[in-house]
Structures are given as structure tokens and as C-alpha cells.
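Look at the two complexes coming up: subunit A is in both, with subunit B in one and subunit C in the other.
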Partner chain A sequence: MNDNNTSILLAPLAQRIERDSARITGARKAGRKAVGYFCPHVPEELIMAADMIPVRLAQGGDIEAVAAGEDYLKADSCPYARSCLGFRKTGNPIYTGIDAVCVAYTCDCMRKNQEYWAEYLGVPSFPLGITQTHDRLRSKTQSLEYFKNELDLLAGRLEGLSGQRITGGKLKQAIELTNRIRDILWRLFEYPSSRQTPIEWRDVFRIAQAGFTMDRQEYLDELTLLNDRLEKIDRESLTPDSRPRLMICGSIIAQGDDKVLDIVEHAGGNIVADSVCTGSMFSRKRVTLFGLVGNPMDALAERYLYNIPCPFMTDLPKRLSRIVKIARDYHIDGIIYYSLKYCDTWRAEFKAVRDTAQKQLSIPTLLIEAEYSPADIGTIKTKVEAFIEMMEDR
Partner chain B sequence: MSEHIVAGVDIGSTTAKAVVLKDGRFLVGRIESTGSNPALAGQEVLESTITDSGYDKSKLEYTVVTGYGRVSAAFADKTVTEITCHGRGAHFVSPDIKTVIDIGGQDSKVISVDETGRVVDFVINDKCASGTGRFLESAAQLVLHVPLEELGKLSAKATAVCKISSMCTVFAQTEIISLLAAGESKENIIAGLHASIAGRVGTMANRLGVKPVVIMTGGVAKNSGVKYALEQELGTGIIVPPGIDPQLIGALGAALIAEDMLKAKTAT
Partner chain C sequence: MSVVTDSPGYKRLVFDKELKSFDGMLDLMGADKNTFCQKGTKLIVKSPLSPAEPVYAAAGLAYDAYTRETVVQAVLGENFNLANAGVDAGLSPEFNPWNLMMAGSLASRGTESGLAGAAIACACWDDQHKKSWQVLSDYLNIPVYFWEIPRYDSDSEKWALRLVRAELEQLFKWLEYQTGRKVTRESLAMAIRQGNMIRRDLQALDELVGDDSRLIGGLEYYIAQLASSDWLPGPVELHGIYSRLINEISLRGQKAQPAPVAGSGKVLRIYLMGDETQQFQLLNTIENCGGRVVGADFRLALYYELIDESGPPLDSLARWIWKMPCNMPTGERIRAALPFIRRQRPDAVIINSTTGSRNLPGSERMVRDIIKRELGIPVLSVETSLPRQDTEKTEYLVRAFIEMNCY
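Coming up: the complex of A and B.
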């Protein structure tokens, strides 16, 4: 994918941050507000419907930000959670260029993040609670009611910040725009399921991340342009890729956290699929609006409660069956399980993923535990290279 | 091609090893200390091993380098990880083995291989020095003042096994000092150290699933006390490589892969 037309979507992170933060600053000077959010459970549609700019805060891989976050969270908490606070302190233009944050309660550290953004960083900070047993038959209804109430509270807080009412019409508009973005992203993530793909997973992943800070309409336009071009490529004419096919799953792979992905690429591995909250997990499934009478808030609640397969609030069977399905659909030879060091949520799930992959798919799983510092590059390289040697030998 | 030899070089954190093969048969191997320049140590051990083999340097057709120093070895025709090499080397010396436990100076690993010596799964300890040669070395030399080679023999004389609960190499030393102060015998403390390593490595091995036959490679395999403690921990017998220094298994595997590469190259 080397084309001038896709330069915005595939531009280096620093360049995109510069460009997007300039746009956001301009809009704020003109009176609009920007709202950052952590975790894919927060419906950006609500922020858009309140006439504000949604910004997904998902940067990482920066040891200075991690160190700055240590003032608030203990040194052995996950480096991503520490950076979430740290980036505001180190003056990251995206993290400093927002008027409020929405934080979903997706782990202990993120919960504290929500409170500390208000308490110590002095930024209005809105919580979003999520039930952990919503997939179980006898708590399904009550869970959905609870989550709807949480969304109503969040909507109210957003309205208070912007001074604009979130009307049904504006919300439907936002949902439609976001759905169109999701449809294309999902299509992009599907391409690498074939050995003859016009675009590699790594590029799709970059494109998905580029969307976090871009203007929604501009992002949709860029995605549409790109996909139209990809559709025109004769895939039969492409040389099939024979490298071992890998799936990456686990903790958040934040923008700027390229270490493990780079190591895999250099070792000759080919990641073709993911179950990562900054990748395909984020764009999965549209919000289903039921005709003209359906309540868009209900539709949002359905989508955001049941379709983000984070292990913190998803039952294990559902998590595992999803991973198995992806592995089958994408003809995966091995799973790379990425757990940020001290990230209990994902690390605790590893055993079950590994055992399931072995029993149901007869494929191996490699555990990589990493921080953002370069100190562990040597060991990770050895592990990844050995894993790929193992597969090439087959 | 006329007469030729191939070589495998394993540049570890503590020692650099080389093995020279001729027609797929082990000729000679050598172990030197790595020092502060891993690439140079690899180059030197390779050259002296070739001299030992009695062949001229010009007969060397292919070199595979493994171990953590592989990345800086410019003389390598190919680099392969130590996991693949240990699996291959161990299978060559004992074709029945299914599990390789390699305890080196800086890390320890457990490798599952199939009946052809191909790696099917592995785990590496990468948290810290606990469960590695370094853990033993620091305790033996800094606190107990016992040469490394004596540890196995001494632990066999233990009348009880001291409990050493610190995983951390530095804290373990503090713990040993307290044990010595309390009047514990060196022998019992050494047995405790061995049990501690066996516990660490045993947990890793059980995570992977231990299938017999189990072989131990790497420098720590020369310590009969650790081997015994691991056998107790895993509830299965463990063999050591017959007729070759266990520290050479990685380099041997690398040399075998060099032979394969050369064959593949000549075939095309």
C-alpha cells in the first residue's frame, strides 16, 4: 500500500497527531468542545450527537508517559494505564487538547483513571459502568437496563458540557455515520483472511488507529476512497503469501506501541487477524436501528454492551469461541498472545486461550509479556523467532 | 563439493560454544567464556574449534550461529534461535527424548519436541535470574564460597533440604546469610538452592506438560544436585546427553542445521 491517496490514513503517528491536534485546536477556538474517551465501550455517537468532537485516547509505547503516570498509579500497574494519565502530564497535544474525558470501567486501573482525571488533572471526567454478567440468561435484562441508565447519565453529562441537547435525530445521524465507518473497517479487516490480499493486516490496523483522532466525516471519505480502490484490484492476480499466518490477541496495542508488531514482522511472521480492542474488536458490528420508532439509545446500549469482547466483562466461553472462529476463518497457524506486563485482565485469560487453541485447533500460542521499555526486546525476539521457526518447520 | 566441514556456534550469556561436524558426524566441540564482546568470543571459539578439528579454515562451508549473541555475529551464514537448536541437538544425541530442559547462565527453557526433533512448543523464563545458572553461581561464589563444580557433590551429603523462598537472586543471598548465621550446614543450604531452581523450572515445565523421555542440557545439567531435585519435582527420571558435554547441545543443533542448509544449497 504505497499510494499518495492513502497518505493520511497511513501517515506516521507523529504526523497524524500534529495534523489532528491542529484541527481540534482550531475547532475549539471556534467554540466547539473535544471529548476524549478510553476503551471502546464508550459510544462516540453520543459525543457527536452533543455536537462535540470525539477523540479516542489510545496512545502508548512511550516510556516518559509511563513514568509520568507513576505519580498516580503504582509502578507495577500496566504501562498503558499509567500512560493514560501520563500523556496529559508530558504535554501530548491530543491528551491536553480535550475538554473532558469519558472512561469506561473496564479494569481497576481504568476506574482509577476516571477518578484521577478529575481529582488530579482537573479535567471533567465522566464514568461509564458496565455489568460483568450481562451475557448470562438471568442477568441479561437487568444488565441492559443498568447500562441504558449509565448511557442516559453519560448523555446528560455530555449535554451539560456542550450546552446542546442530544436529540433522536442527531443521534441517528451520528449512528449512521459511525456504522458506515465500521462497515468499511470490517471489510478491510476481512481482506487478509485470504492469502491473496490487496492489503495486509498491519496496514488495516494502522488505518483503524488513524481513525481515533480524525474527523469522522473525513475519515469515512478517506476509507471509502481507499476501499473503492482495493475493490478494483484483481485479487486472483496477486501472489499468494506463504508466510506462517498469525493472529494477535491480548491487551490493548496502543498507538505507538509497535515493538511486538515490528519484531514479528522482522522475524518473518505474518499477522493476518487480531482480537485486540484497538483493532478489529473496535469496529465489529454496527448499531442496529429498528425502523423509525426504535429508540436509538436502546440500539446503542445493545451494541456497546454485548459486542465488545473484552475479557474483563465477557464470559470465557464467548471469548474463546470468538477466538476459535477467527482462527478458523483466517486459517491461523499460531496465536501470539500479547499481555502488557501487570495487566491482570489479559494475562489471566492466557491459559484458557492456549489450552483451547491446542485442543480445538491444534495450533500453538506464544505468550509475550512486555512493557514499553526497550529492555525486553532481546528476549521477545528470541521467543518470536523460535515460534516462527517452529511453524516454518511444519 | 570436495571435503568440507560445517560449524555451529552458540554464544550464550556466560559461555561461547562451537561444534564442528563432518558429514553429519560430531568431530569436536569447545567451550570458552563469553566475556564482554559476544561476537568476538563467538569468532574465537569457532576458530579454535576448527583448529582442534584438524581441518583447514577454508574447508568450512556453512556456519549457523545461535544464542543471545547471534544477532551481532557477522560471520554467521544463518542465525537460528537456541530453542530450535537445543531441540535439534538433543534429539540427535538421544532420539527418544520428548522434553528438553535447558538451564543456562541467563535463562532457562523447557522445549517439547516431536519424534523427529522438531519443536512443538516451548517456554522461556524471562522474569529474572531465578531458576538459572546465575542464581546458583551468585549464591555459590558470593555467599557460600564453594566452587560451582562442587555443588552437586555437596548437596548429596545434605541431611535436610533448607527452604529458600526468595525467588530474587539478591534476596536469596540474604536468606542464605541468615541460614548460615542460624547454623545451617552448607550442604543443606545447597540442597535448598537446588530445590528452589527445580521448583521454578518445574512450574514452567508443568505449564508445558512434561512428556518422557526428559533430557537436561546447558551448563546446569552438569550439576547432579539440580538434576536430582528436578527429578523429584517432576516425578520422572531425567537423562543427560550421553558422550557429549551438555553445554554443547545448542551448538551441536546449530551445526546440524548448518549441515541441512548446506545440503539444501547444494541440491539447488
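Coming up: the complex of A and C.
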């Protein structure tokens, strides 16, 4: 990125963790509570409206945390899921600095996480039921009603933890703040759709992840400042980037899980878009309040159930449509399909994505299966280099 | 010689050949599914742990492809290469061998699967099965319908049951489209009665396997449980097969004539938990090492209690489905299973994990700890995969476990 390296949004992960954990510790000493969540199906607006601090627990890439997680989950569970438990054991200050976790009932491994957090880590753990077959045409009414009730139940549990009532007013405030964050993040993710971009996708991705642990208002302020600066840059004056344009999609790319991104970058590839749950996927849909008359809980349910579905849900056509649309909008030359080892839900969709990309876009897809250990770096590097070389020859 | 007794897998296993009524069960497990279909009857795939009532209420024939394709191809036929066909179809090679074999077996036959459709339950107990059918729907060119079972949480009862009822009503419409037969209150009530008949059979088998005199071997008991998921060749016929088996075993009890047993002396009563194993020889191994299988929770969710026949059938079925033990968080699931385990009076528990499974193996530590705490008996964890894969290690573990706890 041009001239923005001083922003806290782009500070190294360790520095941000130190800073954010100190802030959270301070707030807890002052009587506030911090609530963690893993999958982005949990509306952080509810946590904010209960006057607590939302923290997305999405760190990875650490083999010590993975090993520590194996005290609970088996070694053939996805490394991210193992890390979610392991970071608490290894004393990661973000994971130890929370008073409760909210866990959306998504894939097998995350469901087990909820149980182990409650039973073994001594942390109140609130499950959130979420439907998997949310085809709008077939089951909108009953799915939405179920999810709305689950959100009400979660809200009640959060109120019990914080001792604060979640009022409509507080919830609307939280929604407005979060929507403004989403709006700016969306704009940032759109810059790399042009070859003349003032900011690269990799930086936007880092910025999106920085928001997982930052204070929400401070995050919005920083994003606004950054975006104002970017908007002032004359994009026509920038040199067009001629590297092969890639999209990355698949399993969660957690904070600190930089292996594949680094390899692609070093091999001369240019990732310009993504469809991963820690990237643009969850900043692209606002909570619609229909002015001020809508019920905010209804609005939350609609947004969080009908955003881009994670593949634990059955709506594959919607995921494929989104990937095709992004690939077209961002002029993608090839797709990197990132599948964390043992991530069953994403891995099972590789073939559908590859075939669709080939049929509808005539672009190739490369499957990368990775663990958090460095053992597979050589293999991945060879595959990525060959893939990018093929792009350059096209 | 039947197809089953001719198969290489059968020859590696030791069956109780004096139990004549078990031949019917064996033939059933090895049969080609198309032989079950009378003219016009539609074969509808169901998930192994979801109830068969909806399919039978729509006059279809339920088919547990997960179990049956695997038993025929892997356990009996030893066609392990079919797992690769599952990967070629689009499954991850890291999936468990049940899903890989099922997908490989069906995919290898392409559009000639003979299946009219698949009604797959989306619940909180098996991502891989759901994803396998997402992949297979394209490959086999058959309609696949996913229906929702929301997780069990006593605080969610009101709206969760509303969702299950609504999902069942829509499933019935889909089934009606496939089979041409409407699900009515009467047809559903009939299917529930038939299901309860099977459940009573399974409960009777549990009682017999837990008897102090060894009346039925672990392998026979296990196979009888596996056959319960889809009620093939039909609920009445399956009940007939179970009844003959139960009568013959009961007769042994009356004559004080135990099943032919491997080894002698003190035995360790073992309750099996976790994933079903494809290594059927594990059941033989336990007995060869001085253990005796006195129960298993593999299919307990299908007969943990009878479905209420007195109330509106849709409501009763919805409530029963939502409270199936496999739909519960681990702690509640095990607590729900404890009375059944206690009733079998085990001295020890063996938990099986299937390589590549994430659900039950994911909660293995919790299960082990709860069993030790609540029952105070030793627990052994084993991991099994395809038949004949790493069996020596399992045998060594089982032998050491039984020796250590028996003497």
C-alpha cells in the first residue's frame, strides 16, 4: 500500500494483539465484559448492544496452538478448529481475555469447540442454532423464524452475562456502526478490481482482519481516515499491475495463516479478490433497517442467515454464483482454492467450483490443501509456481 | 453357497453357524438392493441415523446406502479401490471410508444406480454425509432433497419443533412427488407403528445380548443392528426376520444352551460406543481375547424410545426426531444413553473412531471422561478404518485391555 504503513490497521499481528488485548484487559478491569465468537454467523451487534466487547477469535497458523488443541479434538480435525481450543491453552492473550464465547452451530468441528469450551475450558459458551437448508424459495419462513428465535435466546443469554438490557435503541446504534464499517470495507475491497489500485487486496485483507479485535468505533475512525486518503489518490497516475490476477476462495484464512498468501505473492501472483469468511465475504451485506420502523432483530436475522452461505449450508448454487460474479468483476485469470486439511465442507465443493470456473469463465482452479505446519511449504510452492507460470503463458 | 458366504470378506469372519435364523439376516445384508423393489416401488436413500418413517409413509422403500453399499463392497467384497472412485466423484480423500465406499460404489455405476432419489437429513451429526450427497446428486443424476433437523437445546423446544414439523411437511410433499403417494395422517401413523415394531425387536435383542449366558455373538448382534436403519426388505418382513432370530436366541436361553464361544473362563462384558466399524473382525477379536459384547450404541438413536402412537403422528414424529440422542450435544447425548448402557451391565467400554470421521471422534475425550466418571469403568479408544487395514494394532490394544481388566 502507498504511504499508509503507519496505520494501526496494518501493524504486524503481534503488535495488534498486544495493543488490543491491553485495551480489553483495561475494559474488563473497569467492569465490562468481552465476548468471543468464531464464525461470522454470530451478530456482533448483539454483543455490542449488551454493552460488551465483541472479539472475533480467528487466529491460526500456529502449530503450538494446533498441538495444544489436540488435547480435545483429534489430529484429523481441521487445524483451525484445533487452534480455537489450543490458543486458550497456550495463553494467547486474546483467547484468555474473554468472559464467554458465542458459537454458531456450523460444521462438526466448530460444534465440538462449543462443547469443549463449556466443559473443559470453564468459559460460558452460548450455542447459536442456524439452519443449513436455507433455500429462500423453499423454507424461508420457517428457517428465518427459527433463526430469529435463536437470536432472541442468545440475546437473553448475553443480557444475563452483562446484566444490561438489549434495547431496540442500543441495537440500532450497534447496527448503524457496524453497517458503516461494512460500507467502508466494501469500498476498500473494491479498489483492487482495477489494475490501477491505490491499495492491494492483501492489505485490505489485513485491514479486515484487524477489525476482529479492535474497538469498533476506533476501527471505523481508522477506516474512514484511510479511505479518505485513498480516495484522494489519482488512480489514473498509478502504473497498471500486469501480474496474473487471482482470486482465493475456500476455507477460513485465519490471522497469522500467511503461508499460502506469501507463497503466491513470492511466486509473482496477484490476489485481487476473495471468497473466504475472514475476507470480503462478510462485509458485503448490510443489515437492512428499512428506515427506523423495522424490528432490528428481524433485520439481524435476515442479514446473518442470508449472507453468503458457508458450505456447511446446502446452498451451493449461491456460492458458485458469487464466485463467478467476483471472478468476472475482478477480471480473474485463475482461482486458488484453499482447503485447510480436514475441512470437509469446503473440500467437498472443490470439484464444483473448478468445473464451474472452467465452464462459465474458462479459467483454471488450483487446489491447495494445507495444514499450519511448515512441512508442506515445498509442495505448495511448486504447485503455485507452476500455476502462475501457466497464467503468464495464457 | 450364497453371494454372501462366497465373498472373501465373509470367509475371514467367524460366524455362529448354529444360529440358523441368522442366515436370513446375512442374505439381507448382502443382497442387491434392486431385488427389494417390487414393480413401481421407489427406492429412496436416507441417512443412516435418520428415521425411515417418512419414506414408508409415502409408500417408498428406504435405503441406507451408507451402510449397505459399504457392507457389500468393502466388508464382504473387499473392493477397496472403490474408495478412489468416491474421490474421483468429488469427495475429499480425507472423508471417512463409509462415505468414500458409498460414493465410490454408487458413482462407479453412474446413472444406473436404481435409486429414485435421496432424502438427506441435515442435522448436527454428520457433515460428510451431507456433502457426499451434494456431490452425488450431480454424479448420479438423481434428485436429492435436504431436510433440516435443528440441534437439540431444551431452551429452543418451542420453535425447534415448529421447524421440524414444517420441514417434515415439506419432505412429505417431495416424497409424494417421487413416489406418487401422498403421506396422510393414517399412512404416517401406520409407519410409526411399524417403526415401533422394529424398535421393540431391537430392544429385545439388547436384552438377549446382555444376558449372562452368552446367547448371541457380538458379530451377529452388530449386523442385526446395522440392518435396522432402513427396514429393508420392508418393515413387516424385517420384523419377521428379527422375530425368528429373537425366538431362536430365546430358545437357547430356555435350553441353557449358549452360543458357541471362543475361549473360556472369565469374560469382560464390553459395551461398544462411537462410530460403526467396517472392521467386522473387531467383534471376533473382542471375543477371541476374552471379551463379550453386551451392547452397542451405534444405532441406539433409532430405537432409544418408542414414538408416541397416541398423539397426532406428525407432532409425535417431530418431537421424537428432535430428541434423538444423536441430535444432542455430547454431554446430553451420553447422559441420555447412560440408562441403556447401565442396563447392559458392562465391565468396560470400547469407543471406536473411524479414521476420517469428525463428529463422534471429535467428542471422544468427553465421552471417555463422562463414562469413567458416571460408570466408573475402564474405557479403551480404538481407531479403525477399512477392513484389513492396521488390524494388528487394534487387536493388540483390545487384547491388552481385556487382559488388564479381566484378571
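Descriptive notes on the structure:
The working rule: the second predicted complex is superposed on the first by the 386 of 394 C-alpha atoms of A that agree within 3 Å, B and C clash if a C-alpha of one lies under 4 Å from a C-alpha of the other, contacts with A are read in each partner's own complex, and residues count from 1 in each chain.
Criterion: contacts are C-beta pairs under 8 Å (C-beta built on N, C-alpha and C of every residue); 3 or more make two chains touch, one makes a residue touch a chain.
These numbers come from a predicted model, not from an experiment.
In the superposed model, A:378 lies in contact with subunit B only, and not with subunit C. Of the two partner chains placed by superposition, only subunit C is touched by A:105; subunit B is not. Once the two complexes are laid over each other on the shared chain, residue contacts for A:224 go to neither subunit B nor subunit C.
Contact with neither subunit B nor subunit C is seen for A:7 once the two complexes are overlaid on the shared chain. In the superposed model, A:386 makes contact with subunit B only, not with subunit C.
Legend: residue contacts after superposition of the two complexes on their common chain; A:321 is shown touching neither subunit B nor subunit C.
In the superposition on chain A, the chain among subunit B and subunit C reaching more residues of subunit A is C. Taken together, the two structures place no residue of subunit A in contact with subunit B in one case and with subunit C in the other. Looking at the complex, you find that subunit B touches subunit A at residues 68, 71, 80-84, 107, 118-122, 124, 126. Put simply, subunit A touches subunit B in their complex at residues 364, 369, 376, 378-379, 381-383, 385-386, 389-390, 393-394. Residues 90-92, 94-95, 122, 124-128, 130-132, 134-135, 138, 146-148, 150-151, 153, 155-156, 158-160, 162-163, 166-167, 170, 329-331, 353, 355-356, 358-359, 361-366 of subunit C are the ones touching subunit A in the complex.
Residues 71-74, 76-78, 105, 107-109, 111-112, 114-116, 119-120, 127, 129, 131-133, 138-139, 141-143, 145-146, 149-150, 153, 311-312, 314, 316, 339, 341-342, 344-345, 347-352 of subunit A are the ones that touch subunit C when the two sit in their complex.
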